[in-house]
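Here it is, the structure in full.
We just call them A, B, C and D in the order they show up, numbering each chain from 1.
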Amino acid sequence: MSQSTPVALEKSVPPDAPLLSVQNLQVEFSTSAGVVRALDGVSFDVRRGETIAILGESGSGKSVTAQAIMALLPRPAGSIVGGSIRYADRDLVTLPAKDVRRLCGTEIAMIFQDPLSSLNPVFRVGWQIAEPFRRRLGIDKRQALAKALELLDRVGIPDAERRIRDYPHQFSGGQRQRIMIAMAIALEPKLLIADEPTTALDVTVQSQVMKLLANLQAETGMGMILISHDLGVVADVAKRAAIMYAGRIVEAGTIREVYDHPAHPYTRGLLESIPSTTVIGERLTPIPGGPPNLLALPTGCAFHPRCPHAIDRCRDEIPQLRRPDGWEPTHVAACFRSEEVLAHD
Amino acid sequence: MLGYVARRLLLAVFVLWGAVTVVFIVVRLVPADPAVLIAGETATPEQIAALRAEMGLDRPLLLQYLGYLGKAVTGNFGNSYTQNVPVTQLIGQVLPNTVLLAVLACVFAVIVSFPLGLLAALRVNRFSDRAVTTLSLLTQSLPGFWVGIVLMLVFSRKLNWLPSAGLDSPASLVLPTITLALPFIAILVRMTRSGLLEVMGEGYIVTARSKGLPERTVIFPHAIRNATIPIITIVGLEFGTLLGGAVITETVFSFPGIGRLLVTSIQVRDYAVVQACVLVIAVAFVLVNLIIDLLYGYLDPRVRLS
Amino acid sequence: MTDRPAGPAPSPVLRVQHLRVAYPIRSSVMLRRVGEIVAVSDVTFDVGPGETVGLVGESGSGKSTIARAVIGLVAATAGSIEFEGRDITRYGPQQLKAVRRDMQMVFQDPYASLNPRLTVRDQIAECWRVHRGQLPRAHWTDEAKQLMERVGLNPDYSDRYPHQFSGGQRQRICIARALALRPKLIICDEAVSALDVSVQAQVLNLLADLQDEFGLSYLFISHDLSVIEHLSDRVLVLNKGEVVEEGAVRQIFADPRDAYTRALLAAVPVVRPWLESPT
Amino acid sequence: MTTAARAGAAARTMRRARRARRGVRLRIVIPLIIVALYVVGAILVPILYHFDPLHTELLYRLKPPGTTVADGKTAIFGTDQVGQDMFAQMMMGARVSLTVGALTLLFAGVFGVLVGLLSGHFGGWIDMALMRIADIQLAFPSILLAILLASVLGQGLTNIIIVLSIASWVVFARVTRSQVLALKNREYVDAARTLGAGHLHLMFRTQLPGCLAPILVVATVEFGHVILAEAALSFLGVGVPLGVPSLGSSIQAGTAYLTTAWWISTLPGIALAILVLATGILGDALRDRFDPRLRSA
């Protein structure tokens, strides 16, 4: 496989510029109970060949971020109400959905959590993988199927020659996710967004799929956004991590720095909640309270009702991401008391 | 697939047997003695007894049933009580007309309703959606026989554009076809709309979009192929309603079809004809649904391969 | 609440011997039995009083089938299930009903395992309705509120419906319901798998506290090895319906003998891989 | 797109969602009012109205709507072929329609739901047998079965109700069964079972409440179907006995006078359509309300 395909966009992008730059992204959903601000000022960059992990629990807005980038927000309920998503020299927020869609597949591709419902049950997998070649590149049917076969081989489906004629329900969960990956990398995108790619899979299959993703990235040099609720799954693959809570990024930095020296009490609480990080037989140290209600977020820092470090200021003022002196250059956290949290080690 | 076909065939045969049996039982519930009905009021008891023996009515019920089953299988329904000609002949004269009417109505309904349902689903909750759904709900609420009467009143009595009764020319088919198709259209539009809406929320539609396919391609073939499956099932089930509608439509337009034959036979208590007509209609329903089941297996690989 | 004499301490609460569960495959035409799928074969283990036994395995390993067989939701094809010395494998509905007072279950999906049309109070009281004479009706509300408080829920919310609670709170309701008959054994079938990790830790701590307080035994089923490692005393590793390895949790996690166990452990994601010494 | 424009877009979405919700409420209330008007009319008009619906006045037959007849009374909907007042006739007809509809729903509903519960809960042979009976039943288009039975049983209100109940229980059975099957996979049914609940408890306390919403939707829609079917039977002459006014028989009677007295067929048809339309809209609105999958925004 060639590492790069000539695409017109490439010329205008300086080599060190981010592939994708999300700035101050805001997304709202209108529900029967009222308007929900699902994303509130999310910013991050992804560079070529780099993997960033977006981590958070349910309702933190991690999947919404992916949907917003791909213009897949459910209509008419969800809409982007502010910020920008710059890819190459365009802002995907202002671009009509039709034009964003044109970038999908060739420039940015995505894989989803549930590989069974993500594949169309009534078409053969070969047909589905060949579809982008046929409809986007105008390649004739036979050649497209040959390319699909190549891809199936590449993602490690045994006996691909025969199985290309099978339907999705005839494959196991892990194989289905491999098929999804084959479909996503078909047009050699520069950025791959993986939304909880292994959540529906068994542990052994999960590690295989993660390895496959890492290998493909090394081969193609694409940028990758890994969305997950599992801090362990991404640790091997991602270089940087962003932790989300209630629609905001509360901490970001290199994954080692964030995991070894969490500067936000939420990150710290998450890490301490994981059973494997605790000595056997010892009590876990969970975060008290429950997930925030997006319809009625607490004032100030959304985490303050569950935070052991909270002070009055946390109730009144929303903390912004900052990097105090002495931290690693990329490490930022949205907490007034990061110094105290760090000192707690 | 072979197992699936075998299962469906077996089920169809079973249902047909059940239908034949139900008709046998129901007709035996008739308070009047068929021999009396045929022989007429003036017949002597001896004549009636002779007729009973001839018709096999004096035999035990089980033998009667078995004989009846055998005849039903060979398509022999005996003679009409009132016209003294084979029932098969009477039905043979009118059945093609009804088939023609039903097929025309079906084709017309599909042609009209599919684009409308598609439009409503793609413009969900907008004006065009509201207009289409309201209109189809209204159509569904109109009594079919009344629609026929109104159409007849307007287009043949007042405007004199189309014939009001019988089947003398292709023009005679226009009003019955529309009358029969209208409620069918209403149901199909709604089913197409809701079927598509449901499919449009599925994961594989999101996948198709994330592949960068234009919306046109997302809908056709991705959404349509999946939405067709439930729609086809509904078509099969509603085909029964269509057949029932044919009975009424044919009566309104004095259309020489099996429905009208059925109603007139009921009026003159010609139960030999009645039971044959009911059976023919039930067979038609079962056959259409068998075809649809097989089509279903073709459209949905999960059914075919399980 | 009824007081029950404590059983003889050393004997196991639950003893499963050579359990086999097979589902018949019926021909589609005549429902004739043409074969079977073996979900569990020859599984043997004990659960002692106050002990937690973990069943771990991937999908299709048969771990949930074992749970469902023990509680009587599926029938055992062969082998025996003894509860407090009584063989309940062939019990009829009435006898099983009596056993079920002492054996309860907490399910995986907190959204599906509560009846959406019952208030929390009625949800908990349902078992007193089923087991007449356990608790006079007049005490239902008070007892339900006490149970809610015990599992960390606000008892003032006893008139609310399940959809008004978060996932973690729902699982607490399920635990309260399971506790209502003061059982000796609780089967947790992936009971924390659907929860966010911060809430999962709360529920795990709650389960540990309740075990200390009521002397409960747990049969704890999970695909998550770290949860099993954290909570269990002993563990059975299952693969394709068979036990491949069994033993004390520390021993198995430190020194797995079976190749499948080793593969399983190797696949578990490590939160800080850079701290692991390269092997 | 500017921020203001985006905020505007969000506000529009909100407004549309709110309007849709208000729409659902209106679509429940208005049909209910219409049905209530029919009920009140059907009960009171034949008693209070200044025309005896069965009184024939041959002098004043076939008079158009609004005609003043003897005693200076006005027949607002005209008179029919034997000089009876159309409005009074229609309200008497509505009485028949509503009674038949309600009683049929009751019988068919109770029987069908019971069958569906048994079938879905026990599965296996019971399910197989019950559903094959339903299949045979479905092979007869309901109106056809009704015609056949009505022609055999003879005319009469009781017979119509029996006939239509037989023709429509299958819908209830199928909906209940499919709902029970869907619920069966939900863990709360298993949870009730592990508590030690028996079959009756599981069927009626655990599963039935979960089926009520779809049953209610089906019942509303079926109400309209049953009324239409009754009218069709009466139209074909196998429904209500001669002399009993029914919307269907009025329409039938009017067919002979289509060109001379259009109102005899047309007005009862419209009255019938409005009633059925109301139940249709109500059924749709209830479905929108109860089925979150189809709920918009």
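Heads up, the rule we're going with is that a contact is a pair of C-beta atoms (placed from the backbone, for glycine too) under 8 Å apart; a residue touches a chain by one contact, two chains touch by 3 or more.
As the structure is a prediction and not an experimental result, all values here were calculated from the model.
Number of steps on the shortest path from chain C to chain D, with steps defined by chain touch: 1.
Chain D has the Cα centre that lies closest to the mean of all protein Cα atoms in view.
With respect to chain D, maximal separation of chain centres occurs for A (centres as means of Cα atoms). Looking at A-B and B-D, the interface holding more C-beta pairs in contact is that of B-D.
Work out the mean CA point of chain B and of chain C, and you get 53 Å between them. Per-chain Cα centroids separate chain B from chain D by 21 Å. In chain D, the residues that touch at least two other chains are 16, 297.
By the touch rule above, chain B contacts chain D in their complex via residues 11, 14-16, 18-19, 22-23, 26-27, 29-31, 124-125, 133, 137-138, 140-146, 149-150, 152-153, 157-158, 194, 197-198, 201, 237, 240-245, 247-248, 251-252, 262-263, 266-267, 269, 274, 278, 281-282, 285-286.
Interface residues of chain C facing chain D in the complex, by the touch rule stated above, are 31, 71-73, 93, 96-98, 100-101, 103-105, 107-109, 112-117, 126-127, 129-131, 174, 177, 181.
The touching residues of chain D, counted against chain B in their complex, run 16, 20, 132-133, 135-136, 138-144, 147-149, 151-154, 224, 228, 231-232, 235-238, 248, 251, 254-255, 258-259, 262, 265-266, 269, 272-274, 276-277, 280-281, 284, 293-294, 296-297. Those residues of chain D lying in contact with chain C across their complex are 124-125, 128, 186-188, 190-198, 201, 206, 209-210. Contacts from chain C toward chain A in the complex involve residues 58-59, 166-169, 196-202, 204-205, 208, 223-227, 229-231, 249-250, 253, 263-264, 266-274.
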